Structure formats: C-alpha cells, structure tokens
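Have a look at the structure below, then the notes.
Read from first to last, the chains carry the letters A, B, C and D; within each, the first residue is number 1.
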Amino acid sequence: MQLGKSRVLALLAAASIVASACGSSSASPTPGATPVPGTPAPNATPAPATPTPAASATGLPATDSTVYPREQTLYTSGKQWGAPSTWNPLDPNMAMGVLGLQYETLFLYDPIKDVYTPWLASGGDWDSAKTTYTIHVRQGVTWSDGSAFTADDVAFSINLAQNKALGSNLFDYVTSAAASGNDVVVKFKANPAYQEWAQWLYNSPIVNAKIWTPFNNADILKNLNMNGVGTGPYTFKTAAQDRMVWVKNPKWWATAALNLNVAPTYIVDIVNSSNNVALGQLLSGGLDLDNNYLPGIAQIVNGGYNVTTYYAGAPYMLSGNTAWLVPNTKKKPLDDPAFRKALAEAINPQNVVVKDYGNIVAAADPTGLLPVWSKYIDAAEVKSLGATFSTAKAKADLAAAGYKVGSDGFVTNKDGSAIKLNLEVPDGWSDWMQAETLIAADAKLAGININPTHPDYNTVVADRNGTDKAAPVFDLVINNDVQIGNTPWTYYDYIFRQPEIAAGPARNRNYEQYDNATAWALVQKLDQTPVEDTATMKTICSQLQKIQLTDTPIIPLWYNGEWSQVSNNVWTNWPSDKGAQIQPATWNGYWQMGAIYMLTNLKAVPKS
Amino acid sequence: MGDRVRRYFGRKLLTYSITFFVAATIDWLIPRFMPGDPVASLVSRTNGISPDAAKALSDYYYNLFGLNQPLPVQYLNFWGSLLHGNLGLSVYGHGAPVTDMIMGAVPYTLALLIPAILLSWWAGNSFGALAARRRWLDSTVLPMGYILTATPYMWLALVLSFLLAFSWRIFPLSGGYGFNLEPTLTWLFFTDLVAHWVLPFLSLFLVMFGGWAIGMRNMIIYELESDYSRYLEVLGAPQSLVRKYAFRNAMLPQITGLALQLGVIIGGQLVTEIVFSYPGLGHLVFAAIQSADYFLLQGIFLFIIVGVLVANFIVDIVYVIVDPRVRVSMTGGTA
Amino acid sequence: MSLQVTDLRVYYRTLAGDVKALDGATFGIADKEIMGLAGESGCGKSTLGNSLIRLDGRMKYVAGSVNLDGTDLPIWDSDEMVHYRYMEVSVVPQYAMSAMNPTRKIGKMVSELVESRGVSYKEIRPEFERRIDLVGLRRDVTDRYPIELSGGMKQRMVMVISTLMDPSLLITDEITSALDVSTQRAVAETLVSFRDHGFVKSMMVITHDMSILYQIADSILVMYAGKLAEKATTEVIIGRPLHPYTRMLVSSLPEVGVRYADKKLTGIPGGPPSLLHPPTGCRFRARCPLAFAKCEQEPPFVEVEPGHWAACWKATGSDA
Amino acid sequence: MSATSPAEARESAGPIISHQVAAPEGKPRGEFLFFALRSKKFMLSVVILAVLAVVAIFGPIIDSTDPVAQNGLPMQQPTLDPGNWFGTTYFGEDVFAQFANGLRASFFVGFLGGGLAAVIGMTVGFVAGYRGGWVDEALNMITNVFLVIPTLAVLLVITSYLQARGVMFEAVFIGATSWPWAARAIRAQTFSLRSREFIDLAKLSGRGSRQIIVSEIASNMSSYLLLTFILLFGGAILIAASLDFIGLGPTGGISLGLMMYNAVTWAALQLGIWWWFIPPGVGIMATVGALYVMNVGLDEIFNPKLRTM
C-alpha cells in the first residue's frame, strides 16, 4: 500500500534528518547539504543537456530499479490533481494513465483526422440492418500477467456496463454482447445510439474477465486495483502522495503487431503543485511534458529554455474544450432570449484571449463547436444569426427588447427593478478570475451589471447544480466540461439534455435549464445517426445551430487550450502542427485519442 | 509535596482536556458548516461521464463518507471513531483514509519542524547571549536578526528557492525526495532526502533564528542589570559566573516562548511547504483548502491541536523541572 | 585608622553633563568603628558607599585617594579593585531582598561565589554554618532557594554572605529601610555583633534613619549635597550638633523609625540643590536659617574640636 | 494553534519586551523625549516608518492609477518616467500604484488588527491578572482555546459564507485571533503589580476595580502596553501577508500580501518580473523590522537600566 510505504520512508526521513540536524551545530547541516553529484532530483539536474546516469556516479548497478536514469524517464504533470488513490479503470477518478498506458480500448480515435483505428480489436463491422455489431478481437495480445487476451475478456468488459454501480447507459440501446470464437457479437435495440457506441468503443477499458469476475458486484468501485493486470505498454511501478510511476511493459503486443515501441522506460507523473513550481520544473528540465495552464508561455517559448508547444505561434495550443457562459434561464432577465443575445453581443472574448491568456487561446466560434468539429458548423446560419461583439448593437437590442437604462447607467428589468447578475468562478482559478473581471467590464459598457465573484469551489457547484433542497441559485457561471471527441453529439447533448436531471451531484448537463423539445429530439436523432453518415450529421447540426444561435441558451466565449508545454532537453520529436499531428496531453481520454503515439514517436536526445 | 505535584498536573490535564474537547468540537463543525456538497464537487470534477454514471458515483461516495446520517449520529461517530484513530475519509484523496494521508505527511513536517525549532532556538539564544556581551556583534549582526524575523516566511522561501534552486541549481526545487528515486535504505536516497530538506529547513530556521536571537539578547541585558548580578559583581565574582547565572535565568522565559512557538510555527510551516511543495502537513492543508476537502482539514487541524496541547504540557513539565520558583510555589516552600 | 578617605571626588556622567554627586570627601574610620553615614536621599551617601567598592558604568572617578589598612585602593581601576572586593571591602546592599540568584540554592550559589574567589567552600563551610546559626537561621537554608525565605531571613543571609571573608570594611546601604521596626532592631544588633565577633573590622552604615544610627553607630558622618557637613561621635551629633542641617536631621529623631524622606523637613522650604550645577559657597545656604554673607564662600570641613569636624562658618566661630 | 500566524510565534518567542514593568514613580515626560531623540534605534525606525507612511499616504495621491486596472503595457521594466517607477505587472498593472496602496492596506491591517488584539489582550490580561481566582482560571481557559483552535479553519468557514471580504474583515479577524499571547503577558505583569503597595493603597481608599485597573495598573504599565501594541501591529501585518499568500486575503483591492500572491501565481520570478515580486517583500520587511527595532528602542528609553551611553 503506497501510503504505508510513504509512512516508512517518511519516518526514515524524520529520523535521519533529525540525526543529521542535531549532528551539525550550524544553520545548514553539512551532511548531504549538496546532492551527490550525478544523483540529483530531476529538478536539480546540473545541465539537462548532459544528464549523468544516476547509477554510474554512485556505483549502484545501472539496473537498480529504484533509480530511474534521466535519459530513460519521461516526467509528466497536469492530470493528477491529488495523490493517486485508485487504479480502477472503471473509476472516473483513476490515476493518470490507468486507461491508456495500462488498460486499453478496442479502438483509438483521432479527432484531428476523424478516423477510428482498430486497437485491441482488429476491426469491427455492422450487419446490413445496422443492429448487430461484430467485434473482431485482436489475436496475439497478452495480459501483463502473461495470460492470453480473448474474446471472453471483451464480452465481459462490455457486459460490465450492466453493473448498476457503474451507472452506464450502454444497455439502454444494447441488448446483448456475447463471444463467439475470436469475435464478440453485440446486438442492439431499434435505432441504436451509433454515436455513443462509437464513443464507447474508444473510451471503455477492456479488463481481464477471470480477474474481474469476483469484483463484479455493487462494490466494484471499491477495488482500488493497484498494480493491476492490463494489456497496455506500461505496468504499475510505484505511487506516492506526489507521484505516479509507470514502467515499460516489455511484452506489449503492439510492438510485434504494429511495430510500435514506446520510448520512455519510466513515466513519472508528478502531482500538480503550484503554477510557479511546475513552471520552474519545466524550465529547469525537471519536467518533460506539462499539461497545466502556465502563464507567460508566449515569452517562455521564445526565452531560450528549449521549451516548445504544439503551434510555434499563437494560439500555441490545440483547442481542448470550449469555455462558455452559462446563464440561468430560469431567472429574470436571463429567461429572455433577447437579453441573452444582447449579453452575448456585449462580451468581447478577444479581450480575454489577449489580456488574460496572452494569445495562448482562441476566441470561440458563435456556435461554440470546437475546431475538430468545424466541418459541422453551418457558416450561413452563423453569418445570419451568430452573435458578434458590438457594444452598440447590444445596447440597441436591449432597448428594442424593452430594457430601459436606469439612473446608474445600467439597464433594469422590465418591471423597473434593478439587474445585478452574479458571475461565479471558483476561487483560486486564476485565469478564470481574470476572465470574469474582463467580461464584467465589457458588459458594463453595454449597460449590463455583472458582479464578478469567486466563492470556493463547493459553493459554485452547489449554486450551479442546486441541491435536493434548493433549485440552482446562480445567475452566471463559466463552464468548459465538453472535451474534444468523436462527435458533436456530446456537445449538444450537454446543452440541450432533456428531461431536466434532478438537482444535485448527478446533474452534470444543461445547467442553464433550457428546455426545448425540438432541440432534444434533434440531439437524439443525431445520436442515432451512424458516425460515417456525416451528411445527415451536418444537416441535424445546422438545425441545432439555428435554434442555438436564436435562443442563445449558452454563450460560447473562447476555446480553452489543450495546455501542453514540452521541454526538448531530454526528449524530442514532440507532437506539433509541423511534425506529427498528435494530441499532446496526458489527461483522461486523450491517450486513446492518439496521445499514445506521442510516446512511440519520442526520441531521446543523444548524450553529447 | 508528591500529591501537590499530582494536583498541579491533574489540574493542568483537566484544563487541557477541556480545551481539547472544545477545540475538537469546533473542528468537527467545520465540514458540516461549509456550504455546498463535497460529493457533488467530487463528482463534478469527472466531466464527460453520463448523468447515470454521475448518479452511481455520487451514491458510492455518499455512503463511503457516511454523510447520509443525521448530524448527532455523525458527531457521536466522530468521537467514537476518533478513539480508534479514525478521522474519516478524504475527498481530495477520493476516499483514502484521512489518518493514512496525515501519517504519510507528518514525518516530513516533523523532520522540518523539530530541527528548525530546536536548532533556531539553540543557535538564536546562544547568538543572542553572545551579542549581549560583544558590542560589535550587537551593532553589526543583530540588525540582521531584526530583518530576518520581520521577513514573511514565504518571501524568504521564494527568494531562497529562486536563487539556490532555480538559478544556481545547488538544491532541488521541490518535493520531498527526487522524482527519480524510490524510497530505499541507501546512502543515495538519504542524501537526496536531505538535499530536498535543506531549503525548507533553512527558510524556517533563519526567520525563527532572528526572533530568538533578539529575544535572548534583550533578556540577557535585563538579567545582567538585575540585583543578583550586581551583588555578584560587587563581591568581585568573575564575569563568567555572572553571565552563567544571567544566561540561565534568561533562558526560562525563552522556554515558554518555545511552547507557543511549537504551536504557532505551523503557519510558517504551511507557506514554506507550499513554496517548496514539500509533502508535509502544510502542503496537505493547502491541497485540502484548494479541493475544499474539509474532512482532511478537520483531521489535520485535530492533529495540530493535539500536537500543540502535548507540546504545551511537555513545556509545563520541563518548566517545573528547570525553574525552582515554579517548583517551590507549587510545593508551598515546605521543607 | 583602618580607612582613610582623602578629598574623594566621584561624578555621575549624564547626557546633560557631570553630576557632582561626591565633591570632595575627607574622613577616616578607625578600627572597630561603626560609622553612620546620614543625609537626605540624593546627597551622595550611596555614591560614597559605592565608590569605595565598585564604580558602576555611569560613575567616574575624578580625584582623591582611599587608603585601607595602609594600602591605597585602586578604585578607578575596576579590574584591580576585584582583588579587594569581598576580601577587604564588602557590602550589604540596599536590595538584599533580591540580591541572591533566585534560581540557585543558596548554598550552591555561595560555593560558586567563594570558589570563584579562590576560596574552598569545603574549608569555609563550617564557619559559614556557624554564622548561620549565629544569625538564628537553620543550617538547611543552604539547601533552599531564596524565594523560600522571608524578607528578614534573606536580609540576615545576605549579611552572613557579605561578611564571610572577614572584610576589613563593610558598607551597608539602607539595609533596614525595607523592614518593619522590630526586624530593623534585630538587623542592627546583628551588625554590632558582627563587629564584636570581628567578622568585620570597621563598618560604614548608610541610612536615612537616625534612630538606627543612634542605636549602633560610634560616629556619624552627615552629608549634604555631595559634600561632608559634619562628623563626630554619635553622642556629639545627637547632643550638640554644630551644623544647622545636622540639627534638622536630629530634630526628627523622637519619631522613631520614621524616615524624613517621607515628611518635609520642618520649617525649611525647598530641597537640596541640583548637583549638575551646584551653587558656589555653602551648598546649604539657600535653605539655611542662619545663612549670612560669609556663606558666599565655601566653608572648609575642619576639625572644630578633637574628633569633631564640621563645614559651617558659624560652627567654626569665624563669623566676625 | 493558529495555522495562520507565523508572526505571533516571534513575539511570544523573543520576549522583545522587558519583563519588568517600570517602577511606579512617574518620570518627567520631557525625559522620554530627551532620550528618545538620542536613541539611534528609535530614531532610525521612526525615519523608516515615516518614509513608508508617506508613501502609503501620498503615494496613491501622486500616482492615482487604479492599482488593478490593466491599462499599461504588460511586464514593463521600472523606468524613471512617472507612472512607471516600479514597472508594470504581467497584466500591465502599475506596480508602484499597487505598492503604495498595498502599503496603505498593510498599515491599516496592522493598526486595526493590532489595535483590536491589544484591546482584547489587555482586557483579558488585566481582569485575569487583577481578579485572579476562578475568573483567572476561566479567562485562562478561553485564552488557551483561542491559542489552540486552528484559526485558519474558522477563517475558512467564515470566508466560504462571505461573497466578498475586504481588508477591514481581514484586520478584524486577525485582531480577534492574535491576542492570546498578549493576554498572557499582560496577565503576568498585572499579577506582579497587583501586590504592590500603591495598589493596596488604592484599594483601601475604596476605589473600584475598574478604576484601579485603569488609573493604577494600566497607567503604570503604559510603556509596556505600548510595546505590546507595537509587536501586535507588526504581527498583524505578517499574519495578513500569509493569509493573502494562501489565497484567503481580501477578494478585491490590493495589499502587499496579495501582490506577493499574484506575483507567485503568475510566476513573476521565472518570467523575470522581479520588480513585481521584490517590492512587497521589502515593504513588509521594512515596516515590521522598523516596528521591532522601534520596540527595543522604546524599551531602552522607558527602562533607564537599559540605556547604554
């Protein structure tokens, strides 16, 4: 148990340190005051360009698995916000890399090229009626415990979705999944949710049937599954309060099957600490890949630190998700589409892009659809209906909609009562806190009184979700929950979800409480459109956009970056728009969106 | 005499236990008083999952944290489980036992605090005493003491880490031990551990050192002006003897200071650990605050409360041993 | 003559300038003599007392000599004086109540003190305990801390400690002022017994309280404003004082135990002059009922009759 | 024990104040001034504090830029031309404006927080020390509780209910939580004074406890109380700084601690914006340092024994 271990070590720390401290009479105990040459922590590496193997300097055998040679180790950070605590691939809070490095999926999906790549499946196909899907299970794959990977494992993993404790909705549209030989046959009800199924194929872990059968009960999430058995390129090495360490799995199937070879022997994922520590680690070569939002990247990439990003210039980052303003459409005056539209026109996202983010993000399209979904944007609709920044137009529209300007220069409700909208972002989210002040400033110019606040995270969630006792009380919040993926359906499902989900923890969609049956019908229709039928998808999307741009249930602001800063001191050949166009993130879900190729592409910097 | 002592400590113990009870109860109220629903927050961090999945997950956490019980029951459970050293489960740790998380961090904190406090106390006092007799020290080095003790902990820590770790690469930047290492009983690991310890230790040590030095310097001067010192001088006793007495007596108030210090220093500890992301309690407190994990906070604070009370009690005992005046007044001067 | 002081001048350094606290003192104390030193507070009594054993930081030796048993005391050289302190000259200080280190057992403190002066505690201990008996304390006080003793006990203990080395001269400074009348008597008698036992050769008893001196002093030296006013045997000073100032002091005698620091001197307006810039001539002039022209000049301290010195033009009878 | 007050530790640690209270007999006021003007320590600290006070008071007037308005060019080096003496932040805010206003806030917190703590500490200390008995016991208990409850925790609860918290709130909070050590010290002093004759005299003359505390005890401890206040003043500033640093400071406006917090959050050091990071630290150091030095200076003035000349 990692906590047990850390306790032992820390006791050792205490003992030894006290000893050494008492031994020395001066302020800085001399024993070990300076790290032994060649064995510093990565963040103290004397000269990153010439890393000395930790082992050689101390005479320890180079194979000592408790010391990771710098040039064989990839240091990452950005996914883990707390100590790694569960390695259960079915738990959304699983540690970094559990799904992707250790456990794998049937397919990969590349959002940039919009293609599905067979992975643990060697392929899959629909019958003519498109109600039965046959998965061809890849042969020659072995679990990290040596046992063979079979169709039973796949069938078992699919059927796990029937475990209520996991709350999967797969069997809302699937009737059965059964192994037959090297295939798994999945039977669907009428109008299968093709989009969701496609998503399931590249998002759900395949686990070992034999190992997991005993856990398949109400307490399945209680299985922390540390050092579990997977098929992926890495296996569990160790974990502590501040780190998660993976070690290369020498018997990874893809090496033989696809001639793929992950470069790093070790991956050490460092639990996020403060911005400046992370930045310091990155700049001093102690961190190779950082998926945190770091300030001043524009300066740093040109600062001679050998640090690069996906794009050499603005916006530097790929777009990872859309940040939008959520109005509470159940409260005056936000229940009035005209007012929401005017608000949308009043805000200039470009301000946030430049002043807050220093151009490392891009302003969002009026539809809010991420660049990876740009082909679904109906330019015509956007042109005619899309809200564009214009303080003047915002004022005019407000006046036209019957909102009079009060003595204090702010517009008032139609009944004459004052309007004061609280905009909440969680305390400590520094970039958003900056953004909300800029937004409030813009709105002010148009006569809309927005009061930027930042209560603690719990309060924001309570105000936004409501509780079993109280309905949501927020006026405005910022949200960016929809990540890039295989289908705009996720985006629209998020906005238009019906019927209203009971307030409380489970409510994780449609916070604006906008109900529009037509829109919801379209969303379901979209879900039931085969993924290859992009024509139909486009038509449905444009209908949805018409509704969205007219009613403005949410106000898209900017595309949050897929924060990714890489150091080229030890590893090179990182993803970039000039080189391999791969997702450069370690976050949940990104490995199977192609980030795994990042590891197979990496090249160690030759020792000079 | 014996039972006098017993009564004295008996009363102390009573006061302490009442204090503990009150403090612990206040502490228990924290998570319950906080607005919002920790589980909702926890679930809301897992974006992209379906509403059904969110529902299932939240149900899982609710009975994990035992939040679906009435408050009085929760309060009784609190004391009940407290006796079993169980402080509940951490939201930040996705259900990891708070006790384990604290125990994982405590040794680091102690490894910083104990040497920092004791060494700074010892060094500061010796130096202060020295300054009290050496004019040049008094006018040259002591002012440094004022600057040091007036420096905000984190600021000094940041300067040290920027210069010694970031720019000059003499010490590691952050963490408890190298990210390239696993805990082993090797010299390599040990030295690395110490290397990571030095800077946080130094920032705590220096600030406290200043405070002690000044305090001691002033106390000594008072003692040297006191009647018993004058009497010895009039009778021609050598300076060595006079100073010996003065130092000894000036030490006593510094011991009380040490008691308060032991508790309050947690503040400096907190910010210092944050700056160096040193995996001690302070760092944990910060993480708990950031992720609104009030169960973890409650546990840590409870731990701190106990620590402070114990420290104070120890000092009470030490004081009785070192200061005859207390001892005598306690035993009522019977002989 | 065991002590002979000649024209001793000791000033206080202050930011404002020198305070002439002791401005020329010439007198002697014979063997076995207990000399009382009287005067209002701030007249220089304590300055005189201190200067004979230890000049503190702000005191400055200006002129004069102090001869004890034929050897000149280097009172201007603190380091040299160390050899004489305690051994030859000793003190029972005003602050006897707080003179002992509160955190040391009395015995331990004494042993550390005497050892530091090169005397073996082991050897001196029997005598030490004998004297403890003598002052009516139990021997086990040496195992006690000062806080465990009453005021009177501390007082007596300090007297024993101060005289342990059988000094030639013992200076006691206001040792009775903090005590109630009965204890005052006891202490006073102890002093005499010390002299009689030969623990000390001669004694200088500094006090406000004439009544005490009346009991124990062989002779009395009266000081006023940093100068000597009058010296004679106790009988003479009490019976037929010459100096007007002495008369006033004596007038307060009947009310035993009352210190005239507490009450205004009868009929005499004003207080002692500032010693920062003392007036020329007789310093008592301003308050003196008998003052006349001659007093413009400073009266010498002369022996008007055998063993009787005074500094007053009237007294010397040369008022023609 | 408060996790928020590294400062308290230092006062309580170094009894920077004399533990003897000056003897009852009053000295001529003139004498204080006389020695004050000649005390290097005192004068030095007065000069430093005066300079800082001038900046705090007139700085915002001379440079009236809104300290949090992002209207300058970002990350400008300090230059001599007005409005840019200290350069600008990552967002183009005027660092000098932030410094001046922050200093103002810090003085405010120090004064109000320190003052409040002093008042509470004195009240508790006097009553406990003068009355003794069960009153003393009870007050001691309260003091102990305040000494051990994690004030940070309390702060967290309060703040989560306040949409916005200002410098005022911070000051009051610090004042309400940082008094225990002062109470202990003053109690001890009162204890020692209680037994003096002049108190018995006052009692005999039938004066009420309140009168005696005010006119006899407090007046005789006036110098000691002043020194206590100075330490609480400096302490409050340091506490505020660490509160701001862990993000529990004022939600709006600016303070030296917030400057430090922002400078760190936006990695001023790594980005080489030293002029954003250095001023707040030096500002606090100078203010508190000067206060401590003044404390010792005054101590020497009040207690002739300590005067070295």
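Following the convention adopted for this analysis, a residue touches a chain if its C-beta (ideal position, glycine included) is under 8 Å from a C-beta of that chain, and two chains touch if they have at least 3 such contacts.
Please read all numbers here as calculations on a predicted model, not as lab measurements.
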{"item": "Shortest path length from subunit A to subunit C (each step joins two touching chains)", "value": "2"}
{"item": "Core chain by centroid distance, with centroids computed from Cα atoms only", "value": "B"}
{"item": "Top chain pair, ranked by how many C-beta pairs fall in contact", "value": "A-B"}
{"item": "Subunit A and subunit B, separation of their C-alpha mean positions in angstrom", "value": "38"}
{"item": "Cα-centroid distance, subunit C relative to subunit D, in whole angstrom", "value": "49"}
{"item": "Interchain centroid distance [CA atoms averaged], subunit B/subunit C, Å", "value": "55"}
{"item": "Subunit A and subunit D: spacing of chain centres that average the CA atoms, whole Å", "value": "46"}
{"item": "Interface hub residues of subunit D, defined as touching at least two other chains", "value": "160, 247, 264, 269-270"}
{"item": "Multi-partner residues of subunit B (at least 2 other chains)", "value": "34-36, 166, 274"}
{"item": "Residues of subunit C touching at least two other chains", "value": "none"}
{"item": "Touching residues (chain side subunit D, partner subunit B) in the complex", "value": "1-20, 137, 140-141, 144-145, 147-150, 152-154, 156-157, 160-161, 181, 234, 238-239, 241-242, 245-248, 257, 260, 264, 269-270, 277, 280-281, 284-289, 291-293, 296, 299, 305-306"}
{"item": "Contact footprint of subunit D on subunit B as seen in their complex", "value": "15-16, 18-20, 22-23, 26-27, 29-30, 33-36, 143, 146-147, 149-155, 158-159, 162, 166, 207-208, 210-216, 218-219, 221-222, 225, 253-254, 256-258, 260-261, 263-268, 270-271, 274, 282, 285-286, 289, 294, 297-298, 301, 304-305, 307-309"}
{"item": "Interfacial residue positions of subunit A with respect to subunit D in the complex", "value": "274-276, 279-280, 283, 294-296, 299-300, 355-356, 358, 422, 427-428, 430, 434, 453-456, 458-459"}
{"item": "Footprint of subunit C on subunit B - complex, ascending", "value": "226-228, 230-238, 240-241, 245, 248-249, 252, 323-325, 328-329, 333, 335"}
{"item": "Contact footprint of subunit A on subunit B as seen in their complex", "value": "34-58, 60, 92-97, 100-101, 103-108, 110-112, 114-115, 118-119, 123, 161, 165-166, 169-198, 201-202, 205-206, 209, 274-277, 279, 287, 290-292"}
